[in-house]
Amino acid sequence: MPLPSFDLKEPGTVQFTAERAFDGRHLTAFCLSLRDESNRAAYLTDPDAYMQRYALTAADRDLVRARDWTALLRRGAHLQAVLKLCATHGGNLFDIGAHNAGVSVTELLAACPRIVSAVPGKA
Amino acid sequence: MARIIGGLGISHTPSMGVEFDRAADNGAVATEWQPWFEGTRPARALLERLRPDHLVIVYNDHLNHFTLDAYPTFAIGVGNGFPQMDEGWGLRPLPELPGDHRWGIHLTEQLIERDFDLTVCQGLGVDHGIFSWLPYLLEPPWTVPITPIAVNMIREPLPRPQRLADLGLALRAAVEAHPSEERVLIVATGGMSHQISGARFGIANADLDKWFLQQLPAHLDDLLKIEVRELQRLGGTEASELALWYAMRAALGPQAGVEYSFSSFPKITGCGVLVMTEPEEAIR
Amino acid sequence: MARIIGGLGISHTPSMGVEFDRAADNGAVATEWQPWFEGTRPARALLERLRPDHLVIVYNDHLNHFTLDAYPTFAIGVGNGFPQMDEGWGLRPLPELPGDHRWGIHLTEQLIERDFDLTVCQGLGVDHGIFSWLPYLLEPPWTVPITPIAVNMIREPLPRPQRLADLGLALRAAVEAHPSEERVLIVATGGMSHQISGARFGIANADLDKWFLQQLPAHLDDLLKIEVRELQRLGGTEASELALWYAMRAALGPQAGVEYSFSSFPKITGCGVLVMTEPEEAIR
Amino acid sequence: MPLPSFDLKEPGTVQFTAERAFDGRHLTAFCLSLRDESNRAAYLTDPDAYMQRYALTAADRDLVRARDWTALLRRGAHLQAVLKLCATHGGNLFDIGAHNAGVSVTELLAACPRIVSAVPGKA
């Protein structure tokens, strides 16, 4: 993998802006509900029925079903919320990161830590 | 009056906690976490010598307690205990954080009097922001009461870096207004360089972390001029949490000195620790 | 840039809302509420002439939305609508408050940049703090979007009076930084003299309310020197809510003038209304 | 009824101090749960079972059963919370106020507004 760049542009970074926070509010709320063990069980038993409880759009639900972590982040679900969804499906941070970076989890694990060097004032 | 005896800056990350539990089970620390484990030993010894009576911990929640329905810029915990939050993989075998609601009320009154617009939490759960590093430095059962102050590092806009330094100054005045002889340690915890999403996932600017640990003790004013976005650009989006460390430094007097400083980069988060003391508490 | 055209200060109380609904059903206002109903007519006409494009409403919740698990000193609503809370007797036949999340985001950014430590609420319900008086002044369906800012008047310590004036000043700067030509009305609502518990229940210091309405337009600095406890002592514990009106006055320029002022005392809460305009919007 | 006094002492005023807020946190939480209609129904169906869900002491539960509004306030339940409990039992603010003032609701209603006069600086 190439080393990370020093900028905040996509696809390197999906900034969680205030607009995104607002647009993704229902997705974030849905994902955060999975902090509760009984909710995790209910969701896994019948994902579609469970998602009906939240004001998700059909497109939102498709992203969840597809476990399209990258599109969920772009849609405004907060990473820490998406992580609850990922954990509910037995995954972890590296699954999300690998999907974001377009590599396999094995590749990403091997690449970390991705050492770079720079300090402020000396770009 | 109570007084501040020193400060602790330290990283947090879920994997640090996971590794602590695994090492406890296995009787051995994994190779990549060995430097961090060893690196925390001197800090642990220093805390033992400093004998704090109270810890004020400036940390950040990661959507494990709060939600975006109501996300506070600054929240304070008022309680005699603060439970651990389940972050999705079940609870870790740790007791709740001990608290002292009278300290919580005191600090709330003092900070609101100084125009900090706190959200006051009588039911506050805490995540790896505190639980991940605490077992490395203090062995359970924990007896020193804690007042947690949660700062928004989750949603934009974040508080200005100067606001965090101002919080530190206000904490100093608030502690000194406490009618006791207690010895208070100010703790600030935020991950050092890291980014856990996007194609920059895993960015590891270990030099930035070392530079930060060198700058913080004597050059806070210079650090405050750096925009949080610049820290994010160089160290990853979650390097914004370094701004929390400003509250610790600003709470100490200008003559406070470094007792110990260490950093390592186990996997995806810069892990560092800094212990400072006020001159009359100097051990070095 | 957007600009502030004027300000509205107004009381709220559950009974005011109950009476509005009863009058709508009966086609007649009860005798004790007749002065208030009549007294709001000129304010209603003024609002119609002022044609605001946006309302910023500084109000307080009464444990109908927030709980003491996490009670914010200052909370801002970011949303396109804010539903009515059920206060225990069911919902009133009113639509939700219209919002504009872009205004919410703008004001959040501006206020946090100015060191107001907001709790940012993407899911905010509102109680009689706004719903009780709004139907008297604006007929549903409401079309002018609102940004609600909730202030703690429930648990000690309350913010300092000066902090509310500072909030008003910051709101002025925040509105003027909005990239539009919108006309913004700043509203502050808090009950005037009243106390709804203890043996002093029903204390009715109508003279205090009249005095306050006389003082606020030109003597804010004098009012800010009065401790909230003194307002509570003279006007009842809930007279603390008068401090919210400071935010409205401080958001206006020094030359802003009074268009209309009125107060009455229907039963247990002083009910007053004050409309002020900036000089270039003067109607008087 | 005598006119209210210009002080903040009990029994005229039961100040909701920070200490009271803390001591009464479970009572306040219990009362505020009654903002929800289904909770009100569950509570009315079986008050004791419902109260078990909250960390109320036996003494707390006795105060609730006795509808001792005044003692509940002193114990640190917030007035606005006690009001939800009172409303659930078909009461309103005047029931609480009359209990606090030691008079009947009829007396209190007749006495309001209890007109007094004073402004700051001229006690």
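As written, the chain order gives the labels A, B, C and D, with residue 1 at the start of each chain.
Quick note on the criterion: contacts are C-beta pairs under 8 Å (C-beta built on N, C-alpha and C of every residue); 3 or more make two chains touch, one makes a residue touch a chain.
Bear in mind that the values here come from a model prediction, so they are computed numbers and not experimental data.
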**Message:** Tell me which has more C-beta contacts between its two chains, C-D or A-C.
**Reply:** C-D
**Prompt:** Which listed pair, A-C, B-D or A-B, shares over half of the residue-numbered contact pairs seen at C-D?
**Reply:** A-B
**Message:** On a C-alpha centroid basis, what's the spacing between subunit A and subunit B, in Å?
**Reply:** 25
**Complete:** When centres are defined as mean Cα positions, the distance from subunit B to subunit D in whole Å is 40
**Request:** Could you list which residues of subunit B touch at least two other chains?
**Result:** 68-69, 108-109, 122-123, 155-157
**Item:** Of all residues in subunit A, the ones touching two or more other chains
**Value:** 18, 21, 25, 29
**Prompt:** Hey, which residues of subunit B end up touching subunit D in the complex?
**Reply:** 78-79, 101, 105, 108-109, 122-123
**Complete:** Listed in rising order, subunit B residues that touch subunit A in their complex are 62-64, 67-69, 85-90, 154-157, 195-208, 211, 226, 229-234, 236-237, 265-268
**Asked** What residues on subunit A touch subunit C, complex-wise?
**Response** 18-19, 21-22, 25, 29
**Item:** Residue ranges of subunit C touching subunit B (in the complex, touch as defined)
**Value:** 66, 68-75, 108-109, 112-113, 115-124, 152, 155-160, 162-163, 166
**Request:** Write out the stretch or stretches of subunit D touching subunit C in their complex.
**Result:** 4-8, 10-18, 21, 25, 28-29, 32, 34-37, 40, 73, 78-81, 83-84, 87-88, 93, 96-98, 100-102, 108, 111-120
